[in-house]
Every structure is written in C-alpha cells, then in structure tokens.
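What follows is a group of structures, each given as structure tokens.
You will see chain A twice below: alongside chain B first, and alongside chain C after that.
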Partner chain A sequence: MSLAHDARVAVRPATTAQPSARAWPEIDNPAAWIVAVLLLIMPLIANGFFLIEIFATTLILGTMALSLMFLAGYGGMVSLMQLTIAGFAAYMVAVFGVSANTNISLGWPWWLAVPMALALATIFGTLGGALAVRTEGIYTIMITLAIGAAFYYFTNQNWAIFNGHTGINTVATPHFWGVNWRADIPFYYVVLAVAALCYFAVDYISRAPFGLALQGVRDNPRRMAALGFNVNAHRVAAYAFASFVAALAGVLQVWNYRQISPGSVSVSACIDVLIIAVVGGITRPIGPFIGALIFVLLRTFALDVLIKFGLDGNRFRLLIGLGFLAIVFWSSDGVIGLWQRWRQSHRPTTGRSGGAHGHG
Partner chain B sequence: MSRFIERHPVWALIVIIAIAVALWLVFAVWPPGLEEAIGRKRVFLNAVFNGVTLGGLYFLVASGFTLIFGLMRNVNLAHGSLYLFGGYVGYAISTATGSWLLSFILAFLLTALVGVLLQVIVFRRMEGQDLRQTMVTIGLSIVFADLMLWACGGDFYQIQTPSWLVGPMDLPLITAVKSSGEPVYLRYPVVRLVIFAASVVIGVGMWLALNRTRIGMIIRAGVDDRDMLAATGVRIQLVFVLVFAFGAGLAGIAGVVGGTFQSLSPGEDIRFLLASLVVVIVGGMGSIPGAALGALIIGLAEQLGSVYIPTYAIVVTFLIMVLVLAIRPQGLLARR
Partner chain C sequence: MSKCSVGLLALSSLFLSGAAIAQEKIKVGVTATLEGTYTVLGEDGMRGHQTALNVLGKKIGNKELEFIVASTDATPDSAVRAVRKLIEQDKVQILLSPLSGDEGIAVKNFAKTHPELTFINAASGAQETTYVDPAPNFFRYNMDGAQWQVGLGKYAYDEKKYRKIATVGEDYSFIYTQVFGLVLEFCGAGGQVTNRQWVPLGTKDFASVIAALPDDVDAIYLGLGGADAVNFLNQYQQAGGKAHLMGGSIMIDQTILSSKGNAKNALIGTIAASGQADTWEDPGWQKFVKAYQDAFPPNKRFPSPSLLATNYYGSTMALILALREVNGDLSDNQSKFRTALAKIELDAPNGKIKLDSNRQAIGTNFVTEVVDDGKGALFSKVVKVIPNVNQTLGYDAAVFSKIGLPSRSVPECKKY
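Our next item is the complex of A and B:
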C-alpha cells in the first residue's frame, strides 16, 4: 500500500493524489499489470473481428476521449471539438497521402503525410482552443460545439478539398519493412502503442509542473493569475497537447476504416466522444478507455441483445442516451466513480487506512 | 446610440457607410458595370430577402434559447430537439385538421408543456450546476432525436402552406429596367414575408413585455442577479417554469415555420441548434436584441454566402463568429 494506492481509492478528483507526484500510480497495482499483459497477448486470445472491431476501435475512441478527459478533468474545459480535430487529421492524411480520389489526394508517402496531418490538426485545435478560452466555463461547450458543427457542414459543402458528402475513399495504409501495418495484428499493436503512449503522457503531464499549474487554473484561475501564472497560455497549451493526442487518434481512425466522410465528423459523433469520456469518468486517464469499451460493446452488440429481448434493435442511440443520462444523474465521476463508491461502501477500513498512510 | 458614436467614432462611421451601401444596393437600379461584376440584381435581392426571412426564423429559435440561458444559466442543447418536435406536431395537426394557424397554437402549447416538464422534473433538481445541466440536455437531445426518429421515420415532411398565402407578390423594388424603359419589380413569396412580419411582431412584443410589464421586470432582474431576486420574495421557481415554457414554445412555433419554409427531417434539430448557438454567441448571450441582430447577420451571411461563394458559405458564418469572439467575446449587444 503506497501513496499511489491512495489515488485509487480517493473519491475526490485527482488533485488529492498530489502527494504521490513522481511515482507511477499503477506500478504496484496487480490489476493494472494483468490488464497490460492481457492487452499485449490479446492477438492470441481474440480473433480478427474482436481484435479490430472491438479492441482496436476501443483504443482509438478511448484515445480521442482521453484528449477530452485531459481538457475537462485537468483543465476544466469541456471541449466538444476533439472529434473534429481527429477528423481534420484524418482528412489531412487522406488529402496529402494516397487514396482512390486521385484528383484530391496529393499522393505523398505516409511518413510525410502523417506528420503534416498531425501538425495541421494540432494547429487547428490550438486555434480553436485560443478562441474558446476567450470566454469561460459553460461557453466553451457552445463555442467548441459550434466549431465542430461548422466543420461538419463545411466538409459536406466543400468539394475541392473534402470531396463533399461522399468523402475520400480507399485511403492507403503504410507498408514498410515488409510488413502490412494495416493487417489485423500489426495494426492492433500500432494502436495499442499509440494509446499507451498517450495514456502515459497524460498521466505524466498531470503530475508534471505544467499539469499541476493547469489543475490550479481549473480550480481557481484568479488566484493562479495573481501568483503570476499566465492563465490563458496554460489553457491554450492544454488545447495544443489535447489536439495532438486527438490528431493521433484521427490518423489511426482513417487507417482503420480506410475512408473518411462527413458522417465521421458529424455532431452526434462529437457528442459520442463526450459521452464516452463522461460515462467512463473524466477525473482519471483510464476512464475514457473504460467508457470507450462500454460504448463499443453496446454499439456492436446492442442490436442482437435488444432483438433477443423482443425489442426494436435500431434503438441503440436511445439506449446510449438513457445510459448517459443515468450516469450524469447518479455519478458525476462516471463508471469509475460508481466502482470507487462501491469499493468504499464494502471495504471502508482499507480505504481509510490507505488514506491515513498516504497523508502520513 | 449617440453614446456608441461618441465612444467609437471610427466603428460608427464604418457601420453607417455599410448601411448606406446596403441601402443603395437594395433600392438603386444597378449600373451595367456592377451587374457584370457580381451578377443580376434579382439574384442579389432574392438572397437578401431569403437571408432576412431566414433571420426571422433564426430569431424565433434563438430568442427562446437566449432567454432560457439568460435567466437560468442553462445552456439548453436540447433546444434543437424542441424545434423539431414543434415541427412534427405542427405537421401532424395541419394534415389532420387542415388548419395552419391551429398547428401554430398547438405546437406552441405542446412544446411549452415539454419545456415545463423538463424544468420541473429535471432542471430544478440540479440548479446552479451549469455543466451538469448542459450534459443532461445533451443526453436529452440524443433521446429525443431517437424517439422522434422512431415515431416519424427518416422521411422529409413539409407543412402545407395555406391557400391564402400561396404564390408570389410584387414588391416595390426595381430589379432591372427593360429596354422599353419599363421597370421590372421583384416578385417574392407571400408566406415568407408574412412569417417574417410575424417574427418581427413577436420580437417587438417580447421586447415590450420585457421592458414594460411587471413580469418582464422580474425576468430582467433575474437575468441580472438571480439570488437577489429570490431573496426579495419573488416566486422564482414559477418564473423559471414560465420562462422555460415560453422559450420552448417559441422553438415549437419556429418548428412549424421551418416546416413551412423548408422541410423537417432528422438532423434539422442539430442544424437549428448550431444556428441558435452561433446567433447567441454573435449577438450576446442572454440578450433579446442581441438575438435579433445576430439572427439577421447570420441569416444574411448564410444566404448571400450560398449564392456568391457556394462551397464556402458555412465558413462565412463561422468567420463572423470568430471575428466577434476576437473583438467582443461577450457578443455584440451583451451588456457586460
């Protein structure tokens, strides 16, 4: 039982875990190791469908939601444009790289197209963030939603770059070192590596000076300004980092589906990312991945399950909406919060002794 | 007004020149050089009229949104769903009874009822928790969208325009002069003009109700300082319910209008949510005159944009929002 364990049991947001700075919080948690090993040997357990449609998709969506979790959980800024940034990166990969739409795609090799897409999407997200930080709190949602919706309608209208509502199809995926990186198993490991990288980066930044200052800005911007921190610069930097994470997820997504169309950046998809993050829990980086797993499982199997119970299988979104409402009503910290509450109610003594240990 | 000119002489000059140019473009007979440069005057005037009437529709949607936000600090992202709900109700009523006016009344009442239920059952429980309320409205918009898709399917519906409003009318605006010297006047659908006039009447009525009546005084006080108003003994919950009902009802009316102007289908809820978001961001959150100005600007920008730069029209709307956020983050007519 170390300080790190305190963070796991604490119901308060991650700020209470401050004493644990500079230690990886999950390093002595057996459950985390089991999950890590399971994820690594997943290709041995799961076949192609489960590997890509469930786990890789979960990791990609989880990474997108992770960028939102970073902004919302540590920065207090709920941005609905994270999917738009990912979609922008995906479009840029398709536009600069190779695809079936030769009149649009510039045909660059992937190692040139991807950094370009990442850079442009990060700039796009940072500019959007710079706009959003001009107002505060609740307005952020409105402005970022407006940006996301505007981008969706723009991709629908514009034929010169975004090829209108048909989008760009048959986007090429990388082939090098004799490996087809879009084959199921290599692609799964690419996605896993990127997701893990993003997860640990967010985890690290949340305890680095920048992340601590950001959490300070979230809790009391005036006080941080009085202490000499540039509040807006911290917020914009947070947007820049989150945009990069979202852009990485976007590149993976376009490789996964090999096509991108306005439907992938629609407003309901933007909202899905928020749902994933909120259902999973926006106080800890693992939350978005849990939320993404629940979302993907529901999306894939809701049809069969609903029909089995004699209901209309097309009511998947109704189910998602009601589940989201239930989570917002009863747990402000998503599934993680429910789990922690359940643990605390069943093992109150352990929780308290761990806490005492942590502060001692 | 005069204070604005004193404070910002340069801006005032730019605004006055812009208004003068716009008036000249509308009323003057265009010289041939101008027609060659930017096309026929008829096209331009049609775009302007479409923009203004669309602005009227946007105002109906956005004024309810901004009123609810101003008083309750509730960003109601289910407002688009209320719009679509009102439209479907209006369609059902007008096909069942054949009465266009009755569909307005019932759409207003039913959507207002939904608003009352939302306020009483949901939002009263989480007062003061802005973010949570907004999340709930997002969840509700998903649920509503799916329920309406379930009930109405994915088809397009259009509400029948009543026979006494069908057809165009001549407006005293000259679009061109024939070679014989005979002027050609602009012809424009009556129904759009009537609806625009109605939205102006509603807007003026709201302004009068807010500024000249006791309930309006209470609402304005609530927008300024909700807690202080509650402390003076006003039954604030009742005021909240009334305002929410009225704002939702306006969205319902707008749904019927939109169903007559354009069409109703899944996805329209998001479109009008976006429109009301941009309108209130541009005009100023919580301000009714701001909603009117914002709706006019956005409606005009959308229509003129789609005529003159078709594939980049949405970017114009978006750039206006960016510009306003950069210069005046609180919105053009917000008081803060």
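Our next item is the complex of A and C:
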C-alpha cells in the first residue's frame, strides 16, 4: 500500500496551491496534448498490424488495468478479478449475440447483447466486490484471485453456456450506418473513444466528492466511518464502477479477436493485468496504459528480438520476465514513478507541480 | 532504461524485416505449441518441419521459401493471436498451422476472414475442423482423431478379448474425437464403455481421477498427451495401478515413450492406434526416420519421430510439392496453388494421403503395441495396417451425420 501512500503525499499541495487546476489538469500540459493528437492521427502513421495488434490492444488491456488502478490506487483494494469481469462480459456478448456456435448463441443484435453483457458483468463484479470488501490487503487479493480461478475452471468445463475448452468462435461484430466497425480504422477509433471515456471518467471521479471520500476510506477507514461515511458502501460502489470499466474492455476484446475461450480468462491472464498496472504505476490513470504498451510490445516482439540476436527463441518468456523485473526493481511505483522522479531531479523548482498533475 | 532499449530493438527489427521483402520470397507462417502442456509436442513438430526442409529444400523455381515461426500454448486464443501476428505483421502468404485440436477449430474459423490466404493444417486433429462448415482455404493432410483410432476397437475386442473398458481423456475436442473413433468401433463390435472421465488440459494432480477408476473393467483407455500423460503415468504407478491399458494417438507416441524415468514402463504391452507406427518396415517410413535421426543429434531429438513430427513433415511436404507444381504462382488469390493442393496425392512417410471434398486427408492407419527394444527404449510395433481410412470411418455419410459431433457423451455406446 506504500504506492497509494505516495499518491496521497502528492495530492495535498495540488489541492491547496492550485485550485484552478482542479477541473482538468491535463489542459495546460503540452505533453498530454501531443499524446492526444498522436493517438487521433494514429491511423495515418501506423498500418493495420500496429494500429490493432499494438495500439488498440494496448488501449483495451490498459482499460482493464485502469479498472484495477482505480480500485488499487484510490480505493486501496487490489482486485485480481478485473480480467475475469472483462472475460465475463466478453462471454456474454458471445452468448447473447451472434456466433458460429448457433446451439449456444441466442442471436440477439449487438445493441441488445452489449448492454445486457455490460449489465450482467457489472452485477457480477459488484457481487464479487461485495464479497471482497469484507476483507483487506492480502485477503482481498486472495478472494478475488479465487473468483478468477473458479471462473476459469468453470468456463473450461462448462459446455452448456461457455462451450468448454473450445470456447465460442466467429463472434459477430457490429455493422451499422454502412460501416463495418471491426475494420481496422473504425475499430481503432471505437477503442480509442471507449478508452478515453474511461480514462476521463476515472480522472473525474478521483476528484469528485465520491472519489475523494474513497481516497479517505483508503487512507483511514476508521476515521471516515467516524465521520459518518458508509465505508463498505463506498467500496462496493467503487467495485461497481470498476466492473463497468472492465466490462467495456471485455466487449472490445471479444470484438477484437472475434472469439473467446478459457485461455483468455486464465489465472495467468488475470495476473498479467496486475503486472500491467504495477509496471505502469497505480498512482494515476495514465499508468495502466503505459504499462499495457510495454507489456504488448514485449509480448509481441520478445521472440523476434531473441532470434535476431541468434539466441534460442524458446526462451522469450525469460526476456519478458527480465524486462518486468528491471522496471519493478528500479521503481517500486512503476514507469510513472520513474518519470516523476526524473522530473523532480531535473527540475527541482517545478518538480512539485509536475508531481501534482493528474491528481488533486 | 531496459524498456527503452527493448523498444528500440523491437522497432529496428521491424525495419530490418521490412527491408528483406526486396528479394523474391514466399513467406510462410508456422505455429507450434512451444509453451505449456504440449511444449514437447510442438518442439518435435518443428523437427519434423525442419526434416522436410532438409529433404525437399526451400527453392520453388527461382523463388525461395521463408518461414516465420510463432508460438502458441494449445489454447484457441493463443493460436488466433499467433496467426494474426504472422499475417498482419510478418505479411505471410501461406500458413502452416496449428498443432492442437481446439486451435484447429479456431484457426479454421479465422481462415474464413482471410479468403485470400491459404491455410495448411500442421497437425491438429479435431473432427469439427474440416467436417462442420469447412473453410474453402483450409487444407488438412493429416487424419482426424477418430480416423487415428480406426482398428483399435476391433483389435481390442477380437484379439485381446476386452469386453468392458473405461476411458480417461483430456477435456477438449481432439480427445473427444479420439474417443469417438474408439467407442464407435468397440461398441459396434459388441463391447461396452462403462465410464468416461474427462480432465482439464494441463491437469497436474490425477489422484482423484485414479481413485475413481473402476475395477471391474478389462482395460483402461488413456487419451492424454504431453506433460499430462507423464504426470498421470507417474501417479498411476505410485498408486500401484495394474490394469491393462489402451492408448490414444498422442499417448502412445515418442513424446511419452521416450520421457525420462520409469513410469513409462507401465505402457509396455499397451495397444494403441495412430497415424504412424515406429517400427513399420515400409522403405518410405524408414527413409524418413533416418532423415530425422540424421538431422538432429541424439540428445536433441527422440529415438524415432513422433506423430507430430510426421504430421508437420507431411504438411510441409504438401506445401512444397504443390508450390513446385504451380512454380510458386500465387496470383489470382492463390487459386492455382489451391487447385494443386486439393489434387495432390502425397507419398508421405506414413502411407499415401489424398484429400476428400472437404479438403480432409484420407490416409493409412496403424494399430500398434508398445514393445521394449531390449535397451530400455520403447517403440510402437505394428500389428495391423489399415489403408484408405476416410473421415466418415467407412460409414455412409448420412448414417455418420446422425451419430452427432464428438463430445463428452457422444457417441453413445451402441451399434450405429
């Protein structure tokens, strides 16, 4: 929880010294504008592979990790079931929507199937959260991991709804207004829009009364309870919101691959989301997206890099592991922490306000 | 820091691969299970692929074949991700993929979204892949799991006099297909299958499975593969299991027979059926075994090629021979190449192979028995060779379609 602690330290000067920046701190940050423009014109720069396999995948995984960042960074609750919730939403899109497994899929149009999937996944995540809020720290991790593992084994062996190990193939993707929304460029913009929406929602909530109360609950639940806040209700509400964010990412994921199977909700994939959040840094909403970019680049290119150097390509998992170890070793609060420290050491005078961006 | 350098490397490797397109090359993507439970199978598959390249060469007229390998872990998602990477990043024109059953179903469905490319199945053997709604650009030169069991049921009933058996298998499409082939024939002959147990792929603890094995059966059929099979055998031996065993095609295979330790000795005398037999006398097979043994040092290969090596050899062979027939012409959405693929008759190491109208192999099957060669190495010895096995297993197509698709409980144990 030391990560969360650092964040609180950074919060204070911002709220007191820069009240005008409370609304949208990114507005006066040129780096944020450059990133935003780059993301918008990405289809002009990147071809299909980079656009979808790298950037869209990064945004989808980043959104999933964002839901974890919201719970862990602002609520102090490390939930390993965020991927499970996303996977549940993905399965529900496949089950209610149209797919090649006609004996399972109900064949609803996407505009009915998707809200249904989002609602069910949010309920699923909220119920899981209601269980998990009774515990703290390592026990929260354990109970959410248990939910994730149980869901994985259930999908692997249930053939009536989840089609077992084979999973559900050829899931239909939306076509309307004459646009195939799964074609590379439209799909990229859909993903970008959803990711941006989630990002700003998390950013906004972190400064809204609910988010501030949640951070209070994170730092001192007993004092908050004494002040009259319902601590558990805040935590369950945080789970509900995070579940909705994760469910959105899950819908995008199933559209991206057009299939879903238990491998996508395995325990190791749940842990991948944690790795992404930790590597990126869980003190700010941008962290998970940076973590996801590093994760996707390593996962996609590690094999090629090893072979280019004439090494045994079979050891590519080692390279991935070493990359993560290096990042976590040099910065316990992820890449965000590295960057923050670099700024502070190079610009001692402005370091404080730099550290305060995005919070407050 | 390391993040930066890795990112740079990734970028530079990308530009390098971009420059390589300048020469006249045909790019082929290959996937194999180089991770997870089936790692050993994937590695031997790649050895079979390499052996085929050693024997046949990579030249197609004045063009050269370039192979790009991607790794999967036997789950359908990993296969789709690997195939997409090969198509979108590496711009391959032909795919040699995938290895495992459910991967095959997912890749076949994916193939429909890329009608301009050609997919040659590397080794996967689920029935559904080519039997249900086949993709016109997906070709399979190995038989499916049910075809690989042809002959076993009758042999067990007539020669071994087994009347009642139980099965233990991994809970996914390929093993369903294998049990489908076994049950159809064994029950058709008059035998009974009293109990079918299914374990998740990647199971490590078989204690409860072993405890639940029935005592009143003549034999137990094992449909396991890779690490799962070795784990099962170890625990079965420790539990003092003594039943007669029967094996599926990836259970009685060099991937298991040459595993370390003595648990595999429980398999001596086990009868099985597969698309190959280690000790077959056929000169074509012997030549293939020799080429495989010469290509790799003894500690980096199995004593004799596994079924996966043979399948990868066969699919690579089909790819190269068909490409040579059209002189590397991939124009017009590869239509000439596809016609050549559909018509080709392979003189594969494990017998003649031709395709049916679903682009599914009709080939030769082998009933085998595991023997010790006297020096501690185990091999599968041929007891029966069955030529011309088709996907409907000799049944009339209408009757066959009534049986249903392989699953945990299909087919029922009766005569169809």
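Just a few scattered comments:
Convention: the second predicted complex is superposed on the first by the 316 of 360 C-alpha atoms of A that agree within 3 Å, B and C clash if a C-alpha of one lies under 4 Å from a C-alpha of the other, contacts with A are read in each partner's own complex, and residues count from 1 in each chain.
The rule is short, and it goes like this: a contact is a pair of C-beta atoms (placed from the backbone, for glycine too) under 8 Å apart; a residue touches a chain by one contact, two chains touch by 3 or more.
Remember, it's a predicted structure, so these values are computed and weren't measured experimentally.
After alignment on the shared chain A, the placement of chain B and chain C results in a clash. Applying the stated contact rule after C-alpha superposition, one finds that A:153 touches each of chain B and chain C.
When the two complexes are overlaid on their common chain A, residue A:263 makes contact with chain C while staying clear of chain B. In the superposition on chain A, contact is made by A:297 with chain C only, not with chain B.
In the superposition on chain A, A:318 makes contact with chain B only, not with chain C. Within the superposed three-chain model, A:111 lies out of touch with both chain B and chain C [touch as defined at top].
Once the two complexes are laid over each other on the shared chain, residue contacts for A:49 go to chain C alone; chain B is not touched. In the superposed model, A:170 lies in contact with chain C only, and not with chain B. Within the superposed three-chain model, A:200 lies out of touch with both chain B and chain C [touch as defined at top].
Contacts of A:278 after superposition on the shared chain: chain B is touched, whereas chain C is not.
Once the two structures sit on top of each other via chain A, chain C runs into chain B at 153-161, and not at any other stretch of 63-71, 153-161, 207-215 or 297-305.
Of the residues of chain A, those at positions 153, 157, 159, 266, 314, 317, 322 touch chain B in one of the two structures and chain C in the other. Those residues of chain C that touch chain A in the shared complex are 1-3, 6-7, 9-10, 13-14, 16-17, 34-35, 43, 69-71, 73, 75-78, 80-81, 84-85, 88-89, 102, 105-106, 109-110, 112-113, 133, 171-173, 198, 200-201, 407-408.
Against chain C, in their complex, chain A makes its touches with residues 48-49, 52-53, 100, 153, 156-157, 159, 164-167, 169-170, 257-264, 266, 294, 297-298, 300-305, 308, 313-314, 316-317, 319, 322-323, 326-327, 330, 335. Within the complex, the chain A residues that touch chain B are 78, 131, 134-135, 137-139, 141-143, 145-147, 149-150, 153-154, 157-160, 266-268, 271, 274-275, 278, 312, 314-315, 317-318, 320-322, 324-325, 328-329, 332.
Contact residues on chain B toward chain A in their complex (touch as defined above): 73, 75, 77, 130-132, 134-136, 138-140, 142-143, 145-147, 150, 270-271, 273-274, 277-278, 280-281, 285, 310-315, 317-318, 321-322, 325-326, 329-330.
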